[in-house]
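The same chain A turns up in both complexes below, where it pairs with chain B and then with chain C.
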Partner chain A sequence: MTHPLVLPTALQLQLNELIIGLFLLTGFGMTVARQIQATLFGFIAQSLLLAASAFVLGVHPVSPHLLALAAVTLVSKPILIPFVLQRLVPREVYSKRELTQRVSITTSLMIALALAVAAYFFALPLLRSGAPLVSVGNVAIGFAGLFVGLYQVAARNEAVAQLLGILAMENGAFLAAIAIAPDFPLIAELAIAFDVPLLALIVGLLTRALHEYVGSTDVGTLVSLREDAGH
Partner chain B sequence: MLKALLANALQIAFVVALAPLYAGFLAWLKERFQSKRGPSVLQPYRDLRKFLSKDEIISEQATWIFRFAPWIAFATPIAVTMLIPVLTDFPLFFAFMGDMLAGGFILGLGGFFGVLAAVDSANPYGAMGASRTRMVSFLAEPVFIIVFFTVAFVADSTIPYIVQQHWVHPFSAFFSPSHVLAVVAFIMLILAEGGRLPVDNPTGHFELAMIDESKALEYSGRGFALAKWGGWMRFLVLCIILANVLFAPWGLSSDVSFVGLASAVAAIAVKLGLLITLIGVIECSVAKLRLFRITEFLAAAFAIAVVAMITRAFSL
Partner chain C sequence: MPLLAALVPALKRSEKVVLPLSVLSAAVVFSLVVIATIDVLTLGGVVAIPHWIELDGFGALLELLISFVGMTAALYSWGDLGFGRGTPGQVRGYAANFNLFVMSMLAIPLTVEPGLAWIAVGLTTLFSVLLVSYENTHDALEAAWKYATLTLVGSAVAVLGFLVLFWAMRTAGGDDFTWRGLAAIASHLPPALVTVAFAFILIGLGTKTGLVPLHTWLPDAHSQAPSPVCALLSGVETSTALYVILRLVPVFRSANTLHVNAWLLIVGFISLGTAAFLLLQAQDYKRLFAFSTVEHMGIVLVAVGMGTALASYGAAWQLATHALAKSLCFYASGAALAAFGTRMIANTGDLVGRSRIAAVALFIGVLAIAGAPPFAVFLSEFAIARAAFTASQSFVGLMLIFFIGIAFFGLFGRAIRVIFGPPPAAVHSADQAHSVNVPMVTAIVIAMVPVVLFGVWIPEPLARLFELSSRALQ
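Showing the complex of A and B:
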């Protein structure tokens, strides 16, 4: 399918660049935030920025797909997922501080930075393939968001923080998708929009069960098997 | 020629004369934010007069470094003033003598001698403060380098006057992520380097918790006045670099005339007023970080600076 190549204006691209820069920063913030509540706020901000990026790029050569993506993202991620998580996971988990990091916060930040820089080189073959991209930055930053999210899953001990890491990876993939496939089929968007809150629901339920049985949601400590069936 | 010389002298006079006022204004503003009456904004001038009229006592064991350091602390911000646009937007005499890195090195020289003098005084608190100041400085250094690198990358120059011209011209360049994030990282640097609140409490009187202040504990009289004044000027110079080169590069005089210079003074007063309000709000709303969490604060600044650079690099 060929579509007329109407490019976004310079102002749009500039604004988009700022948005994706902040997107990457929220990814770092989520990775190193001590409190679960702060990680959740980081996720909300990141999702809003994802929606903003899709909206900004979808306005000028009017792309119904991107606008729909922005709308779907806006409803599902910053609103539905926090709602589901706040309902399911006990309140005390959010106000708790994760005092035992596997890696110190400063080291974590440096590793995440290195991953973000490395992501550019992973995205490079894609950028050089000659495929028409709406915004080059989105692909590179999207990949970076993906890797930083993956690192968050690996580095955090808390179940909810790990879930938010998976969702951050998903956000990164979406950010890249905006630029790679601006006319992403709507059915896929809707499917993902339902998928992701369901994921949050399942992990939320598991976390709740975990909290009931173990008394904590610190999955990092669950490393050995126990024989006695206490309950 | 003569006019340019006059403009240069005016820039230096501006920094030397108004640095205590700037510090006094910040102290007053912070007290006001905390619903207190606050000292007069002229208090730093009165302090200076008092210190200058007092005797100076120097330990017999102290070497020349101890006597020399306040003069260096006083002279280095003046040297940097010659390199940066304070009132005029066209390069003056010394503009091409050194770039932003040179400015950083000159300010670093003042800090270096301050640290040596603190160790030289053999006051245990001095040595402790000196090592802490070094810790903050060497953590801040990579952030400085990355911010300068970003700025040089975007503006193709590290000469402050040319960088300043770069942000003025296409208005959209002002909103580029590399600009916005570099400004944020630089504000965090000013807080760290100026010994402001999340890093160091400038009004603290408890020697064990001091970072920056404890270096001057052994000074008295003229030496103390010069060290204090130098510290205020250093803070003002950093704020001027932020305001005029990075954050709000407008409102500078393009010629040496009374009207132009007067409006430039008014413009920078407004810019510095806004900046100091921001610093006051930050200082009144955050708690002092524990010593080993300063690394996290500066690592965050580093991350912001690197993101500023890579969003630029990725989008090319």
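Showing the complex of A and C:
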């Protein structure tokens, strides 16, 4: 009913599939990258792919919502957020190699893969009961992006890496949104254009304060607030 | 209703200015909310932009609470941070974040569009993070970091929940993505999608509400922040996140195959029970009140989970009394902190001898929040328990009374130690710069009025609001 009679061409769908496949790969890359700079590059690539998916599915039949989503994503995530973070967070943080990862890289990769497979099976019953969608892959990979991002927040110790994990979760949610809520009123655009850069700004400020007052952005070592701790 | 729209500029205006102006702005906002509430009561609801910005009874109740606590918190902030106690930059930053934080909370009940509500909930986190880290100590930064990451992760989980809900609405042929529109077609929504949406939204926003086991950030953030910020975080911010969940409860309830009431009871009791036992061993009196917030959120969920009109009435009532009593508790602990210079219960004692006003405020605050008569919280908790027995859910009622009883002993026993206990052996030099001053006392007194008053008398309009809220929860 809400889905237009004009369907995207096979070429569009194939292109989209390539894009979302790469999207998932960047998610894995961000999780296991040791250097913060590399995680940031992973995030930039992932955001570009998110914008590309919205663009490819939005050009034919023309969907103003998806095109707007592609445009704001393009401006805010790969450009604005790295800019804000580079300005706020001291340079030495980016070149740092995170040697204190809680889980080894191989194990991390295996866990991330398992989460992606789980997300696929998680999405299957939803796809069966919901209205038919233009792109099924966006839902499964969107859920996978969310789960892998969550794992990144849990597994990484560095402040910036955790922040990028949260943003990767949002990327996953919006990748799914392209398929399941292409006409979600205004919200996605508003959120990406306004909310997400603000998030980077605030958490970036907090990271800078951590660097300045605590002397480290290794947030994994922040464990002084406990019930039994006499502080 | 145009008056309500004026809320936002009214707050924006005070953004760059200092603390007294925040007080003025908060007072103006409070009067505007009162006017809007009267409109809601006479007209049954106010509509600014149909399907986007509307206000009904339940929303008005929340608006009243937020703006009232916002007002006392602004007053207390003036006393706490004004008078040359912070650097100009610090105070400006605080005032800006404070007003934006209050504004973002006020925005939540104003919207009937779940997506907008989600954005507003996200903004409350963003604007309050720097308030939590205000003191820039190791502990404050750690608390702020945990608060930011956990609630933002929750927010990302919740947005996928809302997106799936939108998909479900489209599948059912719906076109009106509002609380009302969703409830109207709730029984046609595909169960698989609704279940996932419910889980994601409950987990995502439950993080923000402080539901166990997603509460770990809450005692940290709610104890490390400056006291007026704690009052806002604990008193109303958790309630606004809960409000968004509660708004969707009727939708989830009428969708088939999902035992929403049972889930709410389970989640509510886990929070209530865990918090009650944690209260018994809290070492820090501000953390004590933070755990009490987890406890009260649990009580509200249990009440809603009972599913009867009477219990929902009690839930709305409980939201109100908790906000009022909890803000008083945090102002009182702020005053106690000024007297002792420490938050650790073991290093305190004999508050009566140090600061009469802090002792009185803390005594009344603790009695009130623990649910002793004749204070407001007693009546609302009593109403919920009675609702359980009337609906022959005696087991629920007994569990409720049992946990509230444990929490009472935890809170009361600890507070007695602080107020009347032997004077601390190692005397911390009371920070003279942070002694209690006139704006702080005024804030405490204003906060005390409804806690005492509503314990003996509920004004007719307020009772009407609870009734309207209860209807919104059915």
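To be clear about the criterion, the second predicted complex is superposed on the first by the 216 of 231 C-alpha atoms of A that agree within 3 Å, B and C clash if a C-alpha of one lies under 4 Å from a C-alpha of the other, contacts with A are read in each partner's own complex, and residues count from 1 in each chain.
Throughout what follows, a contact is a pair of C-beta atoms (placed from the backbone, for glycine too) under 8 Å apart; a residue touches a chain by one contact, two chains touch by 3 or more.
Predicted model only: the values in this text are computed from it and were never measured.
*Asks:* Have a look at chain B and chain C on chain A after the superposition and call it: clash or fit.
*Replies:* fit
*Asks:* Between chain B (first) and chain C (second), which does A:Asp218 come into contact with in this model arrangement: first, second, both, or neither?
*Replies:* A:Asp218: touches no partner chain.
*Asks:* Centred on chain A, what angle do chain B and chain C make, from Cα centres, as a multiple of 10°?
*Replies:* 150
*Asks:* Regarding the shared-chain residue A:Leu24, is it in contact with chain B (first), chain C (second), both, or neither?
*Replies:* A:Leu24 contacts chain B only, not chain C.
*Asks:* I'd like to know which partner A:Glu158 touches here: chain B for first, chain C for second, both or neither.
*Replies:* Neither: A:Glu158 stays clear of chain B and chain C.
*Asks:* Is the number of chain A residues in contact higher for chain B or for chain C?
*Replies:* Looking at chain B versus chain C, the one contacting more residues of chain A is C.
*Asks:* So, A:Leu205: does it touch chain B (first), chain C (second), both, or neither?
*Replies:* Second partner only, chain C.
*Asks:* Give one of first, second, both or neither to describe whether A:Ala176 is in contact with chain B, with chain C, with both, or with none.
*Replies:* The answer is second: A:Ala176 touches chain C but not chain B.
*Asks:* For A:Glu189, is the partner it touches chain B (first), chain C (second), both, or none of the two (neither)?
*Replies:* The answer is neither, since A:Glu189 touches no partner chain.
*Asks:* Identify the partner contact of A:Ala10: answer first if only chain B is touched, second if only chain C is, both if each is, neither if none is.
*Replies:* A:Ala10 contacts chain B only, not chain C.
*Asks:* How far apart, in whole Å, are the nearest Cα atoms of chain B and chain C in the superposition?
*Replies:* 18
*Asks:* Spell out the residues on chain C that touch chain A in their complex, using ranges where they run on.
*Replies:* Answer in residue numbers: 113, 115-116, 118-119, 122-123, 126-127, 129-130, 133, 136-139, 141-146, 148-149, 152-153, 156-157, 159-160, 163-164, 166-168, 170-171, 173, 177, 190-193, 196, 219-220, 224, 278, 281-283, 287, 344, 346.
*Asks:* Touching residues of chain B toward chain A in the complex: what are they?
*Replies:* By the definition above, chain B touches chain A via 172, 175-178, 180-181, 295-296, 299-300, 302-304, 306-308, 310-311, 313-316.
*Asks:* In their complex, what parts of chain A are in touch with chain C?
*Replies:* 1-2, 125-126, 128-131, 142-143, 146, 149-150, 153, 159, 162-163, 166, 169-170, 172-173, 176-177, 180-181, 184-187, 190-191, 195, 198-199, 202-203, 205-206, 209-210, 212-214, 219, 222-225, 227-228, 230-231
*Asks:* Going by the contact rule at the top, pick out the chain A residues touching chain B in the complex.
*Replies:* Of all residues in chain A, those touching chain B are 10-11, 13-15, 17-18, 20-22, 24-25, 28, 32, 105-106, 109-110, 112-113, 116-117, 120, 135-137, 140-141, 144.
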